[in-house]
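Each of the two complexes below includes chain A, the first together with chain B, the second together with chain C.
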Partner chain A sequence: MRMSKIVRTSADLLYPFILIFGLYVVLHGHLTPGGGFQGGAVIATSVVLVIVAWSYEDILAMLRKVVYKAQESAGLILFIGTGAAALLIGFPFFYNFLANSGLLFGMPAPPGPNPGELNTAGVIPVMNIAVGIEVWGGLAIIVLCMLSSLARERT
Partner chain B sequence: MIEIILQLVVLAGLVASALMVFFLKDLLAAALAAGFFSFLISVEFYILQAPDVAISQAAIGAGLTTAIFIIAIRATSRYEGGEEQ
Partner chain C sequence: MIPGFITQNSPALLIMVPLIAAFLCPFIGKISAAARNIWAVGAMALTSAIAFLLAFDVYSAGTRVYVFGASAINLAVPLDSGGIPIRIIFTVDAMSALMQIIAATVGFAVILYSVSSERSHSGIESYYTLYLLMIAGVMGMVSTGDLFNFFVFLEILSISSAALIAYRIDKGTAVEAALKYFVLSTIGAMVILIAIGIYYGEYNALNIAVIASRMQFTLLDQIALVLVMAALAMKCGSVPMHFWTPDAYSMAPASITAMLVVASQASLYGLFRVLFTLYNVTMNAATVGWIIITLGVLSMVIGVTMAIPQKDVKRLMAYHAVSQTGYMLLGVGVGLAVLGNQSLMDAFGYMAMEGGIFHIVNHAMYKGLLFLTAGAIFLRIGTRNLNKMGGLGHNMKYTMIFFIIGALAIAGIPPFNGFASKLMIYESVFAFNPILSIIAMVVSILTLASFVKVFHSIFMGPKLPEYENVKEAPAPMLIGMAILACIVIAFGLFPQQVVDTLIVPAAHALVNQGAYISAVLGGA
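For the complex of A and B:
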């Protein structure tokens, strides 16, 4: 069963905007409300909107389960790799070695009530991005597995 | 004062949508009413100054849970009582 043409078209139209809003919540996780989990859940909502609107055969042609499995594993590897990279340099596990270093996300935070400088906070935005990628893949693959049980019911 | 009025409106909407979930026989409409219930709860979280929880509730409760309900309805029958219509 596929939904009507109005639902399909509006889902296709809304998909990039929800995606961009989720990426904004992930990237600004250390400045504004939200973070890795919330942003990843918003991105997964955009994927799920497309899954609900189209039929099972169309979804099989559009989305692949392997891609989301790889994405979930990549997020976890990035998270634990960032934690272990501090060990290689000689700091304790999960030490914030990027803060105030001048490298990626390494600018010292300017004073004032939340000036909104994105290039601060060291390792925390990297962790947010890793958690966002992982939650995106994980929640999308939950709904894809639900949908595959629907196909077995039909045949 | 404006906050109290807003909270009363949201609470009335919560009770109305919960009753709609209970009384509707069309299960797709009942699932959408449950999603609207979650959305109103997220608005209430935002009024109580917890925007972090509000984003989680809007994404998980109003988005993903409603989608899982809709997929379950697609696999079974749409109307309460079991017969296919």
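For the complex of A and C:
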């Protein structure tokens, strides 16, 4: 049950833009409103858009459940792994060992009004990214599973 | 012998190990089924080992505080925070350690059992993932010293249990039970969240120790108390909020039902933690104590009377679980009713609480055992209807022995553990109010009557033709049951040692609010 060609083409065109906007919300989670969950949800809406425009059978080749399942677990592992990494270097669980270290996301945050320094906040952006990956996968899986049972009922 | 790294970080590892194992489980499952089973059992064994290690530490060296994300493990109050703990803190005292021991023991027995009981089902990766999440939820709930964190772990536990209850779809009946459980849990969790909001608005803190030290018992606190009590009493399945238990307990796979019992008791722990640590004597302990006693007596009587006419063996056991929860509420409720009166506390209050807490441990063991035997029977004959069973004692000898042990323990027959804790409850409650004690004994007799009937209809009689070739349950399931059965017998034979080493410190930790506060906030 696919929609008209206009809808399908515009959905295809919008897909990368929604994806990029979602990734922006995820990456800037520590600076602007939003964060991992919100960004992940935005990305998942792009999946929903494509599903609505095309049919379940059409998108199965493009959006694979296995990938989303793997993404879901990988995001969670990245999250808990970041927390656990602090243990390995001798700090308590979830210690922010990257902040102000000069490494990845390790610059000190500039005081006063500023446009926002992306390279700050230590493990918080890492965890935002992890949550983003997880929510992206998780919500996409939920939509795909609901659709698969609908598709089964129709046949 | 054991690296300092592990002992130092054991409260965090207790959550971390099951979480990491859970999230890696789908990937390991891609390699092979055997690797996945070894992975899940290994992770659970490691979690149990950490729980025992931590419990040993707590019992020998006192309350452990673990601060997440701080620069040092015990930096509960950062120097620049103005005396408020701003981070998530795990506060593991003797009571928490006791609950961890329960979860670790039952969790390990159940996962061994699951290895063969779930073998022929699909989607086992998700089963183990959710199971390990459930363990993480229980462990977090009983260790955390932060109310909001408690809510988070409660939700982790509810969501994973709801998914596991629906695991055997069973033409939609299991899904219906899971939906019921899920809706009720969510309502309960939201109610708790409102109460947490009230505390936060009032005291600017989420840490249990901080709120406890500032508790004034205003009208708002009374509202919050009612909300928390109602939600957690619902989660632990006490009458009149017990209606989800028969559905959820009977439709879940037997292994999950055994863990659901532990989950209910984690909620019971939450209830006691709020009553004793958060409020303690600032509230009118006698009134609240009597409310808890009333809930307990109602649960005992209604649970057991509802159990007698049941024909579904797991439904029957579920109603007995409601009834046994009543004993715990009764014991601890009596302790709460005389809280603050030192002479009455010494005379029978502590003993009633010890009885109630001991019953939590015992109940988790024998009820878990009973549900596992019911699962073994279901696996072999494919029905839970008591009228269709009979003569299974000829073929399932070990299962029968384990069932006898569990049934006698729940009925409070010596030398099993149920007797030890029930006797403590009878004696101490008799000193408080003889009528309550008599009700408790009558309920115990009804329990025995009910289980005699069940035992007879499952195992006794001649071999039925349709069950001619029924085999004994597979070995891993028997090992899982044997672990619990051994504990049931050991706790029944040496109750005094168990009470002295495990239960008395837990009961005192619960009553002693000052010690809990000073463990987190320092000598204030």
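Here is the rule we use: the second predicted complex is superposed on the first by the 153 of 155 C-alpha atoms of A that agree within 3 Å, B and C clash if a C-alpha of one lies under 4 Å from a C-alpha of the other, contacts with A are read in each partner's own complex, and residues count from 1 in each chain.
Basically, contacts are C-beta pairs under 8 Å (C-beta built on N, C-alpha and C of every residue); 3 or more make two chains touch, one makes a residue touch a chain.
Quick caveat, the model's predicted, so the values are computed rather than measured.
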Between chain B and chain C, whom does A:73 touch in the aligned arrangement: first, second, both, or neither? second
Which partner does A:34 contact after superposing on A: first (chain B), second (chain C), both, neither? first
Of chain B and chain C, which one touches more of chain A's residues? B
Regarding the shared-chain residue A:24, is it in contact with chain B (first), chain C (second), both, or neither? neither
Touching A:15 in the superposition: chain B (first), chain C (second), both, neither? neither
Take the contacts of chain A with chain B and those with chain C, and give the residues found in both. none
Considering the complex alone, what residue numbers of chain A touch chain B? 1, 25, 33-35, 37-38, 41-42, 44-45, 48-49, 51-52, 139, 142-143, 146-147, 149-150, 153
Residue set of chain C touching chain A in the complex reads 5, 9, 12-13, 16, 19-20, 23-24, 26-27, 66-73
Residue set of chain A touching chain C in the complex reads 69-70, 73, 76-77, 80-81, 83-84, 86-87, 91-96
Can you name the residues of chain B that touch chain A in the complex? 51-52, 55-56, 59-60, 63-64, 67-68, 70-72, 74-75
